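The same chain A turns up in both complexes below, where it pairs with chain B and then with chain C.
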Partner chain A sequence: MISPETGWILLGALSVLWILLGIYWGRKAKSMDGFMLAGRNVGLAFGTATVMATWVTSNTTMLAPQFALELGVWGMLAYSTGAFGLLLFAPLARRIRSLMPGGYTSGDFIRLRYGKATWILFLVISIFYGFTWLISMGMAGGILMNAIAGIPYVTGMTIILAVCTGYTLFGGLYAVIGTDYIQSLIIMAGIVIVGIAVMNQVDLDSVYNHLRTNKPMLLKTLQPAAMMAVFNNLLFGLGEVFHSNVWWSRAFAIRSEVGKKAYILAGFTWLPIPVAAGFIALTSGALGINVTSPDMVGPLVAANVLGKAGAVVVFAVFFCSLASSVDSLLAATADLITEDIYRKMINPSANQRKLRKISSFIVLGLALLAWLVCLPRIGTLATVLFFAGPAVGSTIWPVAAGLYWRKANAKGAIWGMLAGSLAGLAAYFTLGWYTASLTGAAVSMIVVIVCSYFFPDNFDWRRLNEYHGDTAQKASSHVFH
Partner chain B sequence: MNFSLTKAISLKAIALTGLLLIAIRGLGADTIPALRPSTGAVSRDGHVKLVWQHKGSVPGNVYELQQAKNASFTDARTIYKGPDRASFVSGLENDTYYYRVRLNGHSWSETVRIEVLHHSMRLTLTLVAIGAVVFLLTAWIIIKGANQTVAERRD
Partner chain C sequence: MYFTESFVSVMIIFALIVISVAVIVLLALLITDIKNKKLW
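And then the complex of A and B:
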């Protein structure tokens, strides 16, 4: 633990740093393409870093330890299957760029591929998911600052949301990607420092013996909930990446020739992080640390083992992992609402200045709404995040089949998402959160395959290129007047 | 006169004793924490969160939480001793577990009974098999589609 004074100094320093960097990078965002998609010209290093840093969310640094504490060794591995989301999205990123060179959002794809009804349902799912993710991270910020520095939950949560909102407003995706790059370096360095320190201070034999005596199920191969969680988490990760505009916006922003490579590199770079983060949770019992809430175990153990100096590193790592995701989510969800709802449904003739203004209001509105929902701590991170699991899992097949199968059709997509979401929700409440995405994805897959077989479409891929390849003309129309 | 005086003193003594008993009972209640599971009495995944509270909490209080496999706590094991007012217990095997907590060595709280009943292996393996099929088919359509796209570009 560090004192609240040290916590405040760290919090202030990191907040000022991100806001200043946001303003610096934000100066590049002179057009809507610049603000929303960083000029569609992000290279391999920045591309890999932003994908990796965004995937190292509070969910990795705080939820992976929770998985390990609740589900044991299987839980730790279950969390690391999230890497498949990035690895399998790599070929999709290339496909998306080639089919939609002027695209903006994942909503664009669903609208052009399946029509308006499916698009509306997809937007509901996507915005709902984005919001639960945002809430889980706001909560994580409050929990983290309370666990490490004793800063009250509401104060910590408020500050992290306010700082990320600030620099996202100033700089759009340029600022998000730029700060992600620095945040990913801090995260990687911090994880190495924490890992070495934990290995030096913890005796593996005593950890194993403590688990075998007091928490035997955490070591068992046949642990039912943990076994279910493996494929549930894998499919949740797939659904998250395949449908969310956070990842589509990066597919549009990263240069087409490096997009696939960036996603593969990010997937492999991310893979060991949840294993390392999860392992430290398993040491909590042997170290005699009482865990009062499972989602606090990661920061609690790290701060306890490393002492005050280590706690400063942990604080910085967790702050960066939270910030890199909150900013991405605010930017991508605001883009989705601005493009798909405001521009497509409400005001198609809006100019770029107006769109940017609307986008800023949406960022502010989202942050405010998330703050209100975060105020009462409504559950653990896992229960909050995985509540969106059924809907998220149900989007995998409509997206994947829609990108490769001409036969995939609106009937399959819409009924797949509806039936998958409902079946997944039933599993969430009757069996547990660790079955919800799996059930949603399975039901949706069956519906998409059956509908593609019985009601085949013959989709013309050229219809996805809404701007007929004239991205240059579109981009020039986005320069502020 | 003497009789009325004795009667009055007796009544006062009874009243005072009553008040004293109420006070003692009240004081006693203040030292006995109320223990409850925040995750339900049946656990399907082998973990439980226990929370406890009592009136008049002050810094320096030490709570002791015990776990046992029988209601009489003959095999009791202290799983936490310290100032926190909650504890998360995980990795439990199928069984019935009993918990109780006390403050600064005073009387134990009421016992909480938790039944751990993991999902059946049949259901588990079915869901694992379904998950594997969904994943493999998803990977297959993506890899096949990506290869086809490359081949079409070459043609």
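And then the complex of A and C:
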């Protein structure tokens, strides 16, 4: 698509840009509140952009076209339902901020709400999920660099992980959020440019007629598997957002008065992206493109329509969508391990300088581990991602009920997550990936509701405010010294 | 039963318009936040 030389120049330019910006914004991180939560004062523009850009992953730009190619119009719509995760998390973000003004992680909430046993199980699920997501991003990076610019898989994957690790280490969440803003603009502009170019090349009429003649199944309104995928993706998305520290850290970081608005705006901004990306894939037949690997259909079409310029745009879009997610995952997972495992379980008296050092080591360790796992190509992107689906789906109810329902209790949460994960995994292997999250969420819901009915708790919400609202005093004590 | 051509066309064009508007909205929000000193 583009020569390796052009690929190297692009890769180098974008890498240097993100690292320099990371260093620039990172100078603001003078405390742990700054490093982990960008000072808890992020405005609406950066807040919306970081939520949106983080949710646009390489999976959105690679899997959404694959969904469209395999499941048709329903596939595009199914992937779009991921936006409901952000939209429904919006009120939760406001509630989280008001109940836990001094909170740091999603683990903090589970520990204070349900106790130690549930907390440990939650951490296992959350870290497993975060790591799985990170691996799928690393693998996607290597595959894309190879497909678009001919850069060897291992080299491309290594550079992407190294660059994101670099600027996350320098600037923490300040660097992550700042770069996310620019990345979100590049992603959206790139998708519109490719979409319009495709429409100029082949009219919608020809695309529709080609599909109607050659692949009518993709236009069918009644496709049981695809319709299951709609609900599965919706619940997977909900589970991903509700439990993951990636989203909780942003709920803590964005100003309390704009958090809800930022999530709603980001949800509506994200909603059309899988449709646009899916459309690009559906045109492949009418354009006469031979698709050898379904997850590469997006870049193939873009390069075919726009030539070298298209490949450059696609390269930038993919690099940004990868970077905006990898940096967030590294930062949020490292926060979870530093705060919940190191500070709460191993060394409660650690000072801020020590915590910052540990956090840096954890970011490096996570990146190194992800790199090792990514070295061989494990399977298709969908296989890697959806394997975490059952566990993720099973966290929706413990989190949502725990935030709003006093009667929700530890029994329901822990058994809901366990039974939901196991049932979901059984569905994954016996019925198909598209039923796993659905089953996990349904079983977990039943367990949480039944346990709340038979063993009702009467939770005092004030217990969630671990620092008794004295955030200012706490923040000042978090300056590195 | 198949999705109609007009449904598919409207959905795709609408998606591209919404993404374009979102870019403008994000830029406008950035300017507003900078003006009000509420960026960070």
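Just so it is clear, the second predicted complex is superposed on the first by the 481 of 481 C-alpha atoms of A that agree within 3 Å, B and C clash if a C-alpha of one lies under 4 Å from a C-alpha of the other, contacts with A are read in each partner's own complex, and residues count from 1 in each chain.
The rule is short, and it goes like this: a contact is a pair of C-beta atoms (placed from the backbone, for glycine too) under 8 Å apart; a residue touches a chain by one contact, two chains touch by 3 or more.
Note that this is a predicted model, so its numbers are computed, not measured.
Of the two partner chains, chain B is the only one touched by A:396; chain C is not. When both complexes are overlaid on chain A, the residue A:279 reaches chain C alone and has no touch with chain B. When the shared chain is aligned, chain B comes close enough to touch A:235, but chain C does not.
Of the two partner chains, chain C is the only one that A:269 touches; chain B does not reach it.
With both structures placed on the common chain, the touch criterion links A:69 to chain B but leaves chain C unconnected. Using the contact criterion defined above for the overlaid structures, shared-chain residue A:110 touches neither chain B nor chain C, since it reaches no partner. Looking at the shared chain after the overlay, A:216 reaches both chain B and chain C.
Contacts of A:191 after superposition: chain C is touched, whereas chain B is not reached. In the superposition on chain A, contact of A:41 is made with chain C only, not with chain B.
On chain A, the patch touched by chain B and the patch touched by chain C overlap at residues 216, 219, 222. Within the complex formed with chain A, the residues of chain C that make contact are 1-3, 5, 8-9, 11-12, 14-16, 18-20, 22-23, 25-27, 29-30, 32-33, 36, 38-40. Against chain C, in their complex, chain A makes its touches with residues 28, 38-39, 41-46, 48-49, 52, 73, 76, 174, 181, 184-185, 188-189, 191-192, 195-196, 204-205, 208, 212, 216, 219-222, 255, 265, 268-269, 271-273, 275-276, 279. Against chain A, the residues of chain B that register as touching in their complex are 44-47, 49, 79-80, 82, 84-88, 90-93, 118-121, 123-125, 127-128, 130-135, 137-139, 141-146, 148-149. Looking at the complex, you find that chain A touches chain B at residues 69-72, 84, 88, 91-92, 94-95, 98, 211, 214-219, 222-225, 227-228, 230-232, 234-235, 238, 290-294, 297, 396-397, 400-401, 403-405, 431-432, 434-435, 438-439, 441-442, 445.
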